[in-house]
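Quick one: the structure is below, questions incoming.
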Amino acid sequence: MTVGIATAVWGGIVVLFGSGLLGLVYKGFDRKLAAHMQGRIGPPLRQPFYDVTKLMIKENIVPDHAVTWLFNGMPVVSLAAVATILFYLPLGGFAPLFSGYGDLILVLYLLAVPALAMIIGGFAAGSPYATVGAQREMVMLMSYEFPLAITLVSVAWRLATILPGAHTFSLAVIAAHPLWGMVGPLGVIGLVLLLISLLVVTPAELSKIPFDIPEAETEIAGGLLAEYSGRNLAMFYLADAVKMIVMSALVVALFIPYGIAAPLGLAGALGAFIDALFFLVKIFVVIFFTVIVVRVGFARLKVDQVARLFWLPMTAMALLGMIFLALDRIL
Amino acid sequence: MDSDKINLELGCTTCTTQTTYSVPIGPVHPALKEPIQFTFRLSGERIVGVDIKPGYAHRGIEYMGMKRNLIQVLYLAERICGICSISHPLALTQAVENAAGIEVPPRAQYIRTIIGELERIHSHLLWAGVAAHELGFDTLLHLVWKVREKVMDLLEQLTGNRVDYAIPIYGGVRRDIPDEKAGLAYEALSYYKNLLQDMINAFLHDKSVAMRTSNVGVLTYDDAVALCAVGPTARASGVKKDVRQDMPYLAYADMDIRAITPEDYGKPVVGDVFDNIVVRLLEVDQSIKIIEYCLEHMPGGELTSIPKVAALLAVLKKADGEGIGRHEAPRGEVFHYIRLEAGVEAPVAWKVKAPTYSNLMSWVPKFMGDEIADIPIIAASIDPCMCCLDRATLVDQGGGEAVKLKEELVKLSREKTRRMCG
Amino acid sequence: MIFATLIKQLLHKPATNPFPVKYMPKSVTGLLGKVARGEARINPPVPVPTDLRGKLTYDRDKCIGCQLCIKVCPANVIMFKPDEKKIRIHVARCTFCHQCVDICPTGALGLSNEFLLADTDRFSPNLIVE
C-alpha cells in the first residue's frame, strides 16, 4: 500500500478544496433548513460563501493583550488538523487517500486537535469571555472524548475478533466490512447503543446547540471566538464546516458504509459516481439528524450539565454497547 | 468598554486559597437588550458578587416634559418605553385627571383597559421569546414572536399604530372600538386561547427549558417583600401583589382580579426563573379573560368628557393641584406624579417611577450563587427596561468617584424638589 | 415535544413576508430600476387597516392658519409660513400620533394609510407636505 507522490498531492488538493466547498454547501443547507423549521426564510444557500469571502477581505484584528503568534497560529492548526483527518477517512466509494499510513487512533487524536487549537487560541486572546470559553471547551473535551473513544475502539475490536489478522483499526477495512451483518442479535443491540452515543457526541464535537457552551453567544458573546476576526475567523469557520463533514463521514464509515452501486448492478465510473452521490446523501442525513434538528430543538445546556450527561449516561451507554458486543462474541 | 476592565483581574479577595476574578457584562453585551453595566465577581463559573451600574439610557424625559404643554407630554410619556407604550400614558392620564378633576366616561375606561391588557399579552409574549433566546432556544423565540404578531396586528387595527398607540387622552380615549373591530378582537382572543396550551407545553413541559430555569435565579418570598419587588417578579416569588387587585382603577374594579402566583399552576412557589415563566404565561390567559369581559360588558356613551382638544387645553391650563396615577404595567407597577399650576401650560413637576426601578435590587439575590451561564436568563427574568428605569443622572464636574449613597441621594432629591416647586 | 412543530414548519411556507424581495439584491438601486421598468416585482407588504395612522394629508384650501396643530404637535413637525398663513409638515420627524388631525378645527389635516416613507433625504418631496 504505497501512495504515489503525484496521486497524494492531486488527491489531497481535490479532497481539501472539495471538502471546503462541500462543508460550506452543507452549512448553507444547515442554515436554510434550520430557518425553515423556525418558520423563517433564512439566508440564501450560498450565504456561507459570502461570509467566508467577506471575512477574508476584512481586517484581521489582534487584541493588545493577545499572544500574537499563538493567536494567529491556532486557526491554521485547527483547519490543518481537520483537513488532515479527511485523508484518513473513506469518502464514498474511494479508499482513504493515506490508507495504511494512519488508523482510527490517529483520527481520534486529530479530532481533538481543532478543539485544543481553539482552547489555546482562546487563552491567547486574553479576553475574559475567551478565557471562560476556553475553560468550557476543555471541560467539554474531557467529557465527550471518553464515550467517543469507547465507541471507536469497540467497533474496531469486534471487527478484529471476526477478521483475525486483518488491520481492523484501518478505516478502509472497517468501511469495507460493515459489522451489522456479522454479529448476532446481541451485537446489533450493542452497535445501536454505540451508534446512538456517537450521534450524541457529534453535536458536542462540533460545538452546536445544545452543546455550544464554549461559544454561547448570549452568555459570553462568542466565547472562544470573541476576539477573532477577519482571516482568522474565516479559517475557524471553514474548519467548523469541514469538521461537520469529517464527523458525519466518520459516522458513515463506522456504521453505514453501504453503497448502492453494487446492489443496483452498476460498475465502473458510473458506479463510483452513484456511490459518491449516495455518500453525500448519507452524510447529509447524518448532519440533518445530529446537527440541524438537534440545534433547533433544544435549549443550550450548562457546562456542568453537559459534563454530567457525557460522564454518566453517555459513557454508560457506550460501555453497555461494548459489553453487548463482548457478550455477542462470548455467546 | 475600556481596556483595563477587559483585563482579567486575578487576585486574592478573601486571602484564602480561593481566587476570584471579575467579568464585566455590559454596557453592551448580547445578553442585554439595553445598556446597563454588571461587574460580576466569579469563582470558577460561580457568581460570588455583583455590582450593578445603571444610567446609560437617561434621556431627561421628565425635564423635557416640564417644557411642553400637557398634550405634548402625553406623547413624550408614551415614548418612555416602547413596550409599555400604553402603561406610561395610562398612569399619566390618571395623574392629570386626578390633579385637574376631570371625569372619564365608563366606555373610555373600558377601552383603556382593553388596550392595556392587549399590551400585557404582547409584552409577556415578547418577554417569553427573549427568555427563550437567552437560553439559546431560538426556535421558541421565533415561534412565540410569530404568535405575537397577531396581537400586534390587532393593536394596529384598533388604534392605527403598531406601537405607541396614542389612544388615551386626558378625559377619555381618542378612538372607539366599534362592533366590526370588536369582532377582530374576539377572533384574536380565540386564536390565543387555542394556542395557550401549546405555549405552556413548549415552555413548561420542555426538558431542556426546565433544566436551565428550575432553581435558577431564585428570589425568595422574604427577599421579594424586603426589596419591594413588583409585578410578575414579585408574584413569581409568591407575593400576591397587583395594582389591579389592590387598588382597582379603570374597569378593573368591575372584575374580580386576583394576583397570579405559581400556585395557580398547581406548583409550590420557588421564585426561580421557571416560576417567572409560569406567572407570565398564566397572565396572558388572565388578560384574555379580562379583555373578553370588557368587550362583552362595554358600556355605551361618550368616548371623552371633553371632546374638543382646544377646550381640553384650556381646562388643563386652568387646572391647579397635584395628582398621582398608577397602573399595573406588564412589568409591575408604574407610578406617575404630576403637579399643575393654574396659568402654566407645562406641568411644574413630573415624576415617573417605572417597575424596573423597584425590581432592580432583586437582581442581587437572584444572581448570587448561580453560574455565568445563568446570567442572561436571570438578567432577563425581571424583564428589565433600562430606559424606563433611568430617571436620574449625576453630572460630576469635578471628576472622581461618582457613587452616592442613600442619605445623600435623599438630600439631593429633596433639594431638587424644592427648586422645582419654587 | 417541539419536534412535531419543527417538522410541520419545515414542510410549510415560512411565516416571514418576503417584503420587498426574498433575498438582499446585489444592488438595491438596480432592483428599484428593474421594478420601475417592470422587469422585477416587489412582494406587497402585509395589509394595513384602512384607518392606519400613516402619512398626514393636508388640504391647503381649508387651512385657516390657526396654528393649533403646531401647539399640540409633540415632535415639532409643523412649521408655520407667516406670509401665506399656511403650514409645512416635515413627515420625517412625525411620530404619527395624529393629535393635529384631532385638533384641526376645519378638518384640513387628515390621515392616509401610506406608510412606506423610508428615504435617505429628510427633505425629499415625499417627506414634506404643504
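The letters A, B and C name the chains in turn, as written, and every chain counts its residues from 1.
We take it that contacts are C-beta pairs under 8 Å (C-beta built on N, C-alpha and C of every residue); 3 or more make two chains touch, one makes a residue touch a chain.
Please read these numbers as outputs of a predicted model, since none were measured by experiment.
When chain centres are set by their Cα atoms, the one at the greatest distance from subunit B is A. Central chain by Cα centroid: B, whose mean Cα position is closest to the mean of all protein Cα atoms.
With centres set at the average Cα position, the gap from subunit A to subunit B is 46 Å. Our note on geometry: subunit A versus subunit C, Cα centroid distance of 50 Å, whole angstroms.
Rounded to a whole number, the gap between the C-alpha centres of subunit B and subunit C is 29 angstrom. Within subunit C, residues 1-2, 6, 15 each touch two or more of the remaining chains.
Counting partner chains per residue, subunit B shows two or more touched chains at residues 139-140, 143, 146, 206. Counting only residues that touch two or more partner chains, subunit A has 37-40, 296-297. Subunit C makes touch with subunit A in their complex at residues 1-3, 6-7, 9-10, 12, 14-16, 18, 22-23.
Contact residues on subunit A toward subunit B in their complex (touch as defined above): 37-40, 64-65, 126-129, 131-132, 135, 209-210, 212-213, 216-221, 296-305. Every residue of subunit A that touches subunit C in the complex is listed here, in rising order: 33, 35-44, 293, 296-297.
Here subunit B touches subunit A in the complex through residues 3, 6-8, 21, 23-24, 29-31, 45, 132-140, 142-143, 146, 206, 208-209, 211-212, 371-376, going by the rule given at the top.
Against subunit C, the residues of subunit B that register as touching in their complex are 68-69, 71-72, 74-76, 78-79, 139-140, 143, 146, 149, 153, 156-157, 159-161, 164, 166, 174, 202, 206, 309-310, 313.
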